[in-house]
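Note that chain A is present in both complexes that follow, paired respectively with chain B and with chain C.
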Partner chain A sequence: MDTRVDYYPTHEHQGFKFRRGRTLPFGATVVPTGVNFSVFSSAATSCTLVIFRKHEQKPIVEIDFPREFRTGDVYSMIVFDLDYEDLEYGYRFGGPWDPRSGQRFDRSKIVSDPYARVVGGRDQWCAQPDWDDVYQHRARLAFDDFDWEEDRPLETAITDLVIYELHVRGFTAHPSFGVRAAGTFAGILAKIPFLKELGVNCVELLPIFEFDEWENSRRHPQTGELLLNYWGYSTVAFFAPKAGYAATGRLGMQVDELKNLIKELHKAGIEVILDVVFNHTAEGDHRGPTISFRGIDNRSYYILTPDGYYYNFSGCGNTLNCNHPVVRNLVLDCLRYWAADYHVDGFRFDLASILGRDQNGAPLANPPLLESLALDPVLSKCKLIAEAWDAGGLYQVGSFPAYNRWAEWNGKYRDSVRKFIKGDMGVVPEIAGRIQGSPDLYYYRGPSASVNFINCHDGFTLHDLFSYNGKHNEANGENNNDGSNDNYSWNCGVEGETSDEGVNRLRLQLKKNAFCILMLSRGVPMFLMGDEMGRTQRGNNNTYCQDNELSWMDWTLAQRNGELLRFVRMMIRFRRANPVLRSNWFYQGRDYVGSGKPDISFHGTRAWAPDFSPGSRCLAFLLCRKHTQDQQADIYVAMNMHWQALPFQIPKPGERESWKIVVNTSMRAPEDIYETSEAPSLNEQEQVILGPRSMMVLIADACTRSTPGTR
Partner chain B sequence: MKVALSQESGISVISIEGSIDGKTAPLVKEEINPALQAAKSVILDLSKVDYLSSAGLRLLLLIYREFAAKQGKLVLLGVSEDIQTVMSHTGFLNFFTLAGTRAEAIQALA
Partner chain C sequence: MPLEMSSSVDGNTARLSLAGELDGASAPAVRDVVDGLLRGSPHRLLLLVEKLTFMASAGLRILIFAKQKQPNLRIYVVRPQETVLDTLKKTGFYQSVYIVNSEAELNTTT
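Let's turn to the complex of A and B:
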């Protein structure tokens, strides 16, 4: 027996019963009698709900919103008795077509709901779309009753994370993956044991919001290779997971598949951070398709020039008007939805500086969106990580409006460490700061503000960083004009792959140096999928359009580059076993506990005498265990980036202690790295010779005194 | 969609034939509800189910939850490989005991 007055329809059209809906929440929501549709447009003169059966070309009904169904700028309606599993919906908006004033209404187009939680139309990756379909990206409803059992976001302290950046498709698309569900969320499931053994406790997924892999697709002019929008930095629908990334996308079950992946990752202690793209949408500039926002309320959703064109601070055609209150709420609603409904642990914001621009594009001193995100009640435990620059020239590394909450991709860390490892002069003082968590940038925020990385999806892989002097992006079909030119890379003497054993040894050693510095630096380490096993992109530093072996993870590398993989695993373990490396306080460079040593002290080839001069390529540092709770051992790190071997005088260990070698990157496995419990003592305790371009890590603790001279 | 009820060694066997989706799931539920209510142990024979949509999988999970609440036991019999794959990708498989034959199903309930 129905118990509420509003359980009864008031209107009927072609057999479909409906009544006035609820204005909030926006989107399509299942209610006891049917589905509540609610959508905003500030300038439309009319709105029509268009309902399809799944995959059908012709709508089953179009229902105009009666005047009394509009409250303010919001159209809402409940339609009764819909089979919502078999339903697709969209809208037609009437209003002026007047591009000069920024209005681009077109009733002939069916537009998608900005709040759509599932979007059909690209159900399977790279399946040929039906280009004649009047409605390409079709809003659908989602079941939101996933059984999470006791799962929740893990809330790991950010400085305890080791972040692994991965592309959902690229991670398992390679033929060497050899399991069902290649290239999908379910494919990642099969690799959870690998991630666990590697020791990473967070995966950062390149964009997984629905995008169109066919956007700007083309054939390479010479090779004929199909080039796609592979990375997906171009959102079609902010609330919908990419259907083509789900093995069950053809059945419309991508929501369950992604939630199951997150639940299983959490069981393995691995957090999930999403790379989110709120700076622009897939609609491009005035030549782009009308998918949703442009046809609903162009002036509200985009930053426009005075004569109605699109500002292009994103480098991708348009700029989302993030500090318009309605758009700001959309971003907030969206992130809350992913945090609450998908148990996502954090977000990395692509070109986040755009989120701090006002409605005319000018940078704001106190951007309301960034403040709202920082202080939001639902997001309060989520990691918020900014890519603190945009394509419009705003560069805010170190000055991003952080509200004590935001972390940043530390681009300066990347550049300093690259220069140091390749042997550039003049970077030793910078390196001293970078390994401390970049206090020069984040003094008031702590090392947790610094996401340290040397490589990410954007740029060279680690292997290519030491195999190529210049980028080789010819495969992208843009005459090698795309991609960054500032790579700070060095090919070790031969451009590209070589069979020269000496060159390959050196490259391996430099890769070990990179992982060693990364894992010893305060802040939050992040690296790119495959770098732990020497994945190459053949010198391509911008594989955004390469859905092929250039981008995919070749799993046979685990065998072929087992030495590097072992080194990385053990280096991650070393970081996780030593809290001094993960503290969220900056070193003070002085002794404030009476241990007789500063918390961090710098050294050079002579102990207590670091060489910060412009010609220096060496630095050593000593970390005192007594300044960090639960830290068992003092750690001494020597870095020799000179091309010749150099002797390093070692500071004296504590009384009745001796130095043991944990890492020596100039050695081959298994002598390149030891488990702490099996580390051999140093024969000569006062001085070590560091090989050319190599690093050494020593430890001294109270337990070491009884085993000098072993091994 | 068809439903058949039977008994085997004192255990209720509910056999479903056809597709279970948003349209048929409520009908299936209505039809098998009395048998589910009465039984402590049930074999759900899905060997003639060719398609389970999201709504179909949710029906199974609802039944599982009802049985878990009354400490009953539920076994799915003859789930096709395709459906098992989908259930595995979406996590539904984790909740269920599966059996390939009636004998296995009875043993799983013992």
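Let's turn to the complex of A and C:
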């Protein structure tokens, strides 16, 4: 290689040798004897590569790109003999400063590479930055020498997933975690056994792309508490893992640490989905910092108004111009990189409807980016999940341009189930659809398009859903004006925590009802970290800035709320053991195999007579095992959301079959839920009495014999 | 603390003793020594690191390089300090090496 002419420098500047580079790939790529730098700008009049030694204030050299090093709108050069480990780099772009036309070039600023794979400057979470540093978020090189051994993405069928939404830092930051590496990727390693025992097989990580926790940081006006950008929905660098989430971040080893986490999760059979934020960047609007895109090619990267301001469909100051061809390619390149180099199993797209807007902000009927992502060969086995709305009024749940690939966070499922559990009227017909996988929304797709959830990072935790009527976000310092007002919550008679045993027992029961419905629904279930053990945020439904015990997972709850945790584990096991709950076909409501029963039938307090009237708060359904391969038992589910106990007439089981009770949420442990093999038979096979606001799940299979049971 | 190192080869076993801090500045010299040791195609590489107080990313990359250049090479990290062991664990590289408390343990590891 030493004899190849294209690896010899042709230019020199201040002792640094360089030559014309390769236009692709974008970013900084190690090549024999050097580093290839390539960056796009359609409107710059000059471009300078700025190189630092790590952490140093002043650059060691600034190399102007000669005119002949630009091909089209791409500047590229190879610089030789660099110390890869000690290198930080950025760019200065010259060009017009004319905000009205969308141009915001400023050569005085050093901007980061949009394709930076490692970013320094926030190496330790919450470490005070040097605010005088001329270059705050510093691009570095990444190394591709991690030993994956046999690892590969798991490609688990989406309908077999049970997704657990977790915040990397919050999962292990609480003092109760008690292990070193708290609040980091490495910290999660210690909790893999917990996740396995819980039964989830997929973790969805809140944003892990590099972001600035100090963005919009402030002191609470009354308490003085430091409020940070805790959730991270504000990307600084799309290709870089957050250094502050790595225990080895101060050593620059966040890439290895994250890859190791993914590898270990895969060994445990757990997929990894990343929450990605392509709807906006951390640069905010015209008042925000110039970190990267604004100083490189503002007009290409952002959707701008005719007079040069930033459209704000994200609610965060700016909107990424996702259907501009160059930006589209950046998104594709980024996701391909995470899929190929990090073995990520899928992506959840925050405010995904923005990805379907054109360069003027108008919704597209056939958005090129969404189509490209759906049909991309590298991403073909990745889960693609859309939060199918944005902050600009575009609501596309059920109508997101899916190309037969995209799944959606089903916000309608969330709202229906919340209303049903709290006993609202007129919800029964909708619930009947939601537990089937929402055919009204996804008829042409199947239930796999529906990610069913009742709680997520946005909104109340499950515990708080049944502990508060209204939000209590005073700790956020915005006079409780932030956060959703449409919570469909109910405090069970007391606002907030209480020692009243009756109230607490009811709350526990409602939480069990929630998990029961979630795990019995067709579609893809997802729940929020900590809901399995009753985590509370004390009524705060928008903890985006709360880096404290309000957001963190309190591991002592596993013991204190052991009954709920046990229930959730067993409900997940029940789901995984019953393929009828995980099918990707919609129920047809008819007998198409000659079993004598429809695949699904609905009932009320009387068998075969569901009550869909506005005043109804009860519904039951029967799933016939013979319509699903490998389904061993019929399943009957009765849901009584009325405040009174009610008798439910049960459909007759098959010949030589009898009903056994698996779940009864009105009972305390251990009689609230049984392993299928240990489920006791019902003494009375024709009728059960459901307690107020409770559910029962019965099974009947060909092997069942009528033996005396506990009821 | 600047890095001090010494190396030797004894049959199929190469030894490299490191004391002080293995950081970006000292890593190139260590890399050259490791390169030299690997030229003899040893079966085992013993890293005597009891007095190594710090290992940066550059140091870790040397081990990764050695392992990938010679996949059958067994790398033994002898008596690492907690900070070094911590780094190996958090980045997953501890799975590619054998962590032992002394050379006497070498024959008991698989």
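By our rule, the second predicted complex is superposed on the first by the 703 of 711 C-alpha atoms of A that agree within 3 Å, B and C clash if a C-alpha of one lies under 4 Å from a C-alpha of the other, contacts with A are read in each partner's own complex, and residues count from 1 in each chain.
Criterion: a residue touches a chain if its C-beta (ideal position, glycine included) is under 8 Å from a C-beta of that chain, and two chains touch if they have at least 3 such contacts.
A quick note: this is a predicted structure, and the numbers were derived from the prediction, not measured.
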Overlay on chain A: chain C relative to chain B, clash or fit = clash
Is A:668 touching the first partner chain B, the second partner chain C, both, or neither of them?
-> neither
Counting only touches as set out at the top, which of chain B and chain C does A:86 meet: first, second, both, neither?
-> both
Could you say whether A:147 touches chain B, chain C, both of them, or neither, answering first, second, both or neither?
-> both
Which superposed partner A:181 touches (first chain B, second chain C, both, neither) = both
So, A:248: does it touch chain B (first), chain C (second), both, or neither?
-> both
With the two structures laid over each other on chain A, which partner does A:505 touch: chain B (first), chain C (second), both, or neither?
-> neither
What is the shared patch of chain A, the residues that chain B and chain C both contact?
-> 83, 85-86, 143, 145, 147, 180-181, 184-186, 246-248, 251-253, 256-257, 259-260, 263-264
Contacts from chain A onto chain C in the complex sit at residues 54, 83, 85-86, 143, 145-147, 149, 180-181, 184-186, 246-248, 251-253, 256-257, 259-260, 263-264
Residue numbers on chain B that touch chain A, as the complex places them = 21-23, 53-55, 57-58, 61, 85-86, 88-92, 95
Any idea which chain A residues touch chain B in the complex?
-> 83-86, 143, 145, 147, 180-181, 184-186, 189, 246-248, 251-253, 256-257, 259-260, 263-264
Flag every residue of chain C that touches chain A in the complex, lowest number first.
-> 24, 27, 56-58, 60-61, 64-65, 67-68, 86-87, 89-93, 95-96
